[in-house]
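What follows is a set of structures to go through.
Look at the two complexes coming up: subunit A is in both, with subunit B in one and subunit C in the other.
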Partner chain A sequence: MKGMTVIVKKTTQLIAGIIFLYGIYIILHGHLTPGGGFAGGVIVAGSFILLILAYGSDFLNLVKEERGSTMYENLAILVFLFLGLTGMIAGAGIFFANWLPHGTPGELVSAGFLPLYNIFVGIEVAASILTIFLALVIFKEEVLK
Partner chain B sequence: MELAISVIVIFMILGAIYAIHASDILSAVIAGGIVGYSLVICFLLLKAPDLAIVQIVVETITLIIMVAVVLDSSRKEAYGKFDTQAWVTAATAVVILAILFWFLKEASAPLAPFGENTMRMADAYVNGAVDKTGSVNLVTGVLFDFRGYDTLGEATVLVTAVLGVLTILRIRGKK
Partner chain C sequence: MMNPLIPLFVAVPLAGAFLTIILGRFITAIPRYMALAVLLFLAFISFWSLVTGGDGSSVYTLGGWEPVEGVPIGLYLIHDGFSALLLCLISLVGLLSVTYSVSYMARYTSENYFYSLFCLMIAGMNGVVLSGDIFNIYVFLEISAISSYALVAFGVEKNELEATLKYQVLGVVASFMILFAIGFIYWSAKTLNIADIRTVFSADYDNSHYLLIQILLLTGFGLKAAIIPFHAWLPDAHSSAPSPISAMLSGVLIKAVGIYVIIRLFFNMFEVTEGMSIVITTLGALSMAVGVFLAIGQWDIKRLLAYHSISQMGYVVMSVGIGMILMARGIRSEVAALAITGGIFHMLNHAAFKGLLFLNAGAIEYSVGTRDLREMGGLAKGMPVTSATSLAASLSISGIPPFNGFFSKLIIIVAAVMGRFYFLALLAVIVSIITLASFMKFQRYAFYNVEPGKIRNDIKEVPVPMLLSMITLAVVCLLLSLLALPGLRETVLSPATDILMDQLKYSSQITGM
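Up next is the complex of A and B:
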């Protein structure tokens, strides 16, 4: 896949970081404002997809990238499952029990386990959508070869 | 508000019909985008910003990938010929649609009007979520606390989808 023109590359350079930060904001504030792990994860994946579409596949080593995103995806779902299991071990013996102190509602660090769940689901969604996109791009490169 | 939603739904149906019958696949993909973006406006009118954010981002990414695929392959629609088998299929579809519509009408007659809940569970969720979960955003409280199993299932579905894509789109085996 070839990259696009200089205008697109420069605009992407300016915008991609802001989109990435916005996705992280949506994930971290999931228990306060609309949004959460799923929406923020897709926005984070969107910033990576924007970069790959603008710069083409010569710019990044896509196979290495795909290996990394697959690893992050699997680790994130394992950590999510493990956080659910800690409720079984330490809490009241219920799967997905929210046994951490809740804090004051409305603050950034509050609601016990919910921000942690949001963060790991966000990593999982971002990595899986990026993996699917990279798999499609790599498949096309291999067919063309 | 119901009038606005009805107008948007009619717009969506028109877009879907055009997407089926367009001879250029690129315009069919963009007409499919009409359906997705109209759904975003519907979600916003029904006061569901969480769903609207997810829908608008997913729709954009899907549209970009579909346009890239169409630009790389052919833009012409491949029409099959309309023989006896196609007539039988179409007649069966119409009959099944009529039966399903009748059952939907019968089943939705005793329900409460649109937007009014009949379940006692909903009251407990809406009134007690902030105290029980500590989360101000009710949707996150329900998704990750009351319905943690469902969220685990959704995440597992994503992992399975990625595994399927990686299995199908592999040309050379690993040594």
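Up next is the complex of A and C:
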């Protein structure tokens, strides 16, 4: 797929990094402020999608990227499940038990497992939205060929 | 008592689904063995939980959030007599379908996606059956529904895509109605826990509002269960899917996400009212009668079986509805219990024989390459095992002793007569006779009808894994009839009936009051 004009490319170059960082911020502060893994993940995926749309990418690269993002998606959800299962082995012996120390409410490192859950949900959502986008683009390229 | 294995019913198939995709990329044989291992494990723990559970039920609080002053605040998974039966059903039919798929799916590409979606569908159904929270039921329902849309389209031919589109459109309408109803419930009850909703609604409820929620939920889950006015998607979707998936959809999915949820909600979440139970009975009787008349004219085997699914689910709904009417009137509670037991028993039996029939249809398609009855004939010689097992399944769906279908239909008809629903009893008998006629047609045209000049000597029996699962299901068809015996009926079926009949037991075990 082809890229866009130089104006779009330059603007994207300036903005994409900031959007990415904002997504990371939303994910990391998920247990303190509104938002969290899902919202932050969508924003992170948005920055990647913006880059692909502005700069374009050839077919083989798209396929490679799709394989990579599928892998991240599957790994993230497995880690999430594993974190839930650790609650059954350690702590109170209950699925999804929050057995890490809870810390002081309001600080960044607090609330036990919640920040970890948010991070992996963020990776999962970002990777899956990117995968859906890439799958649609690849489908369109295949139809055009 | 808390059964520590309950979350594994959802966690293990989910993990299996995603591990399949990762490992299947490096080793091609992994997906099928992974799915087999997951379902073996599930079958083991589901039967173990059924045996050790007894008639008590087990409530699992996720994350350890105990109720505060009788108000449940966390998510609950509930394993009681009724859900235990459904879990056994899901894992048994699932295990046999995966065994069957090992040979059957070898001719398709991207097997790893097939097994991954299969595990996801199992996870979704287990979640629906275990969940004690109506929004979680919705979430798991969507997991199983979306993976089944993809599985119906797995052949990616014109027919499959058309069928899956129809299925998706109606499925989304159903999900929308369910979500709408959940929104209404949350608006008025301020809670999503089924037991808690019951307590709130029984204290004071606005009658028309309550009725709207009931009708929306009945329509939504009725669409998922393919009760007659909402059945348009089922014949296409169930006949276009690969055969092991047809067996799962017809055998388990419409029960786990349709009938089970309707029964669970209308007994344990709402109070049984006479008006609603008459509606449910009428819908059941209607789909029982209309389904069989639509079925008898079909020449495509899988469409014929799919219409019979509608008709047989009609038996279940009608029988449970009779129980509800009697409960609402407050008379003859032992007859009501008999009717509900008959319905649940028929649901178990239907999973066994309809699963088997779809696997037989798949075996015929595998060997002969057609689903049209007019192009077959004399297959009994080339495919003796398929012929014998499909005879067993046909006899049991038409209600011939000593197969399981006879006993459940007998219980349903006896309950209808004892409850003085003479017309419904007569209807059930007539429908059973027409079912017998249409399966005689199936047997004759597929296996025995030998026309001169059309004899095919090149037909071979299917591979061993497929035979293994068909034979196992045929044996299960025979063994399930043992559940009609007095001793076994009390230990296996009665806990399920009790949790539905006892109006306060379900909610009191969660709120602790």
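Following the convention adopted for this analysis, the second predicted complex is superposed on the first by the 143 of 145 C-alpha atoms of A that agree within 3 Å, B and C clash if a C-alpha of one lies under 4 Å from a C-alpha of the other, contacts with A are read in each partner's own complex, and residues count from 1 in each chain.
To be clear about the criterion, contacts are C-beta pairs under 8 Å (C-beta built on N, C-alpha and C of every residue); 3 or more make two chains touch, one makes a residue touch a chain.
Quantities reported herein were computed from a predicted structural model and do not represent experimental measurements.
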item: First (subunit B), second (subunit C), both or neither touched by A:I49; value: first
item: Touched partner set for A:T33, first subunit B, second subunit C, both or neither; value: first
item: Partner chain(s) touched by A:N118 [first = subunit B, second = subunit C, both, neither]; value: first
item: In the superposition, subunit B vs subunit C on subunit A residues touched; value: B
item: Touching partner for A:N98 - first (subunit B), second (subunit C), both, neither; value: both
item: First (subunit B), second (subunit C), both or neither touched by A:M71; value: second
item: Subunit B versus subunit C as contact partner of A:A135, first or second or both or neither; value: first
item: Subunit B versus subunit C as contact partner of A:L85, first or second or both or neither; value: second
item: Set intersection of subunit A contacts, subunit C complex versus subunit B complex; value: 70, 74, 77, 81, 84, 95-96, 98
item: Partner subunit C, residues of subunit A touching it in the complex; value: 70-71, 74-75, 77-78, 81, 84-85, 87-88, 92-98
item: In the complex, subunit C residues that touch subunit A; value: 4, 7, 11, 14-15, 18-19, 21-22, 25, 60-64
item: Subunit A contact footprint on subunit B (complex, rising order); value: 49-50, 53-54, 57-58, 60-61, 64-65, 68, 72, 130, 133-137, 139-141, 143-145, 148-149, 151-152, 154-156, 158-159, 161-162, 165-166, 169-172
item: Residues of subunit A touching subunit B in the complex; value: 26, 30-36, 38-39, 42-43, 45-46, 49, 53, 70, 73-74, 77, 80-81, 84, 95-96, 98, 102-103, 105-106, 110-114, 117-118, 121, 124-125, 128-129, 131-133, 135-136, 138-140, 142-143
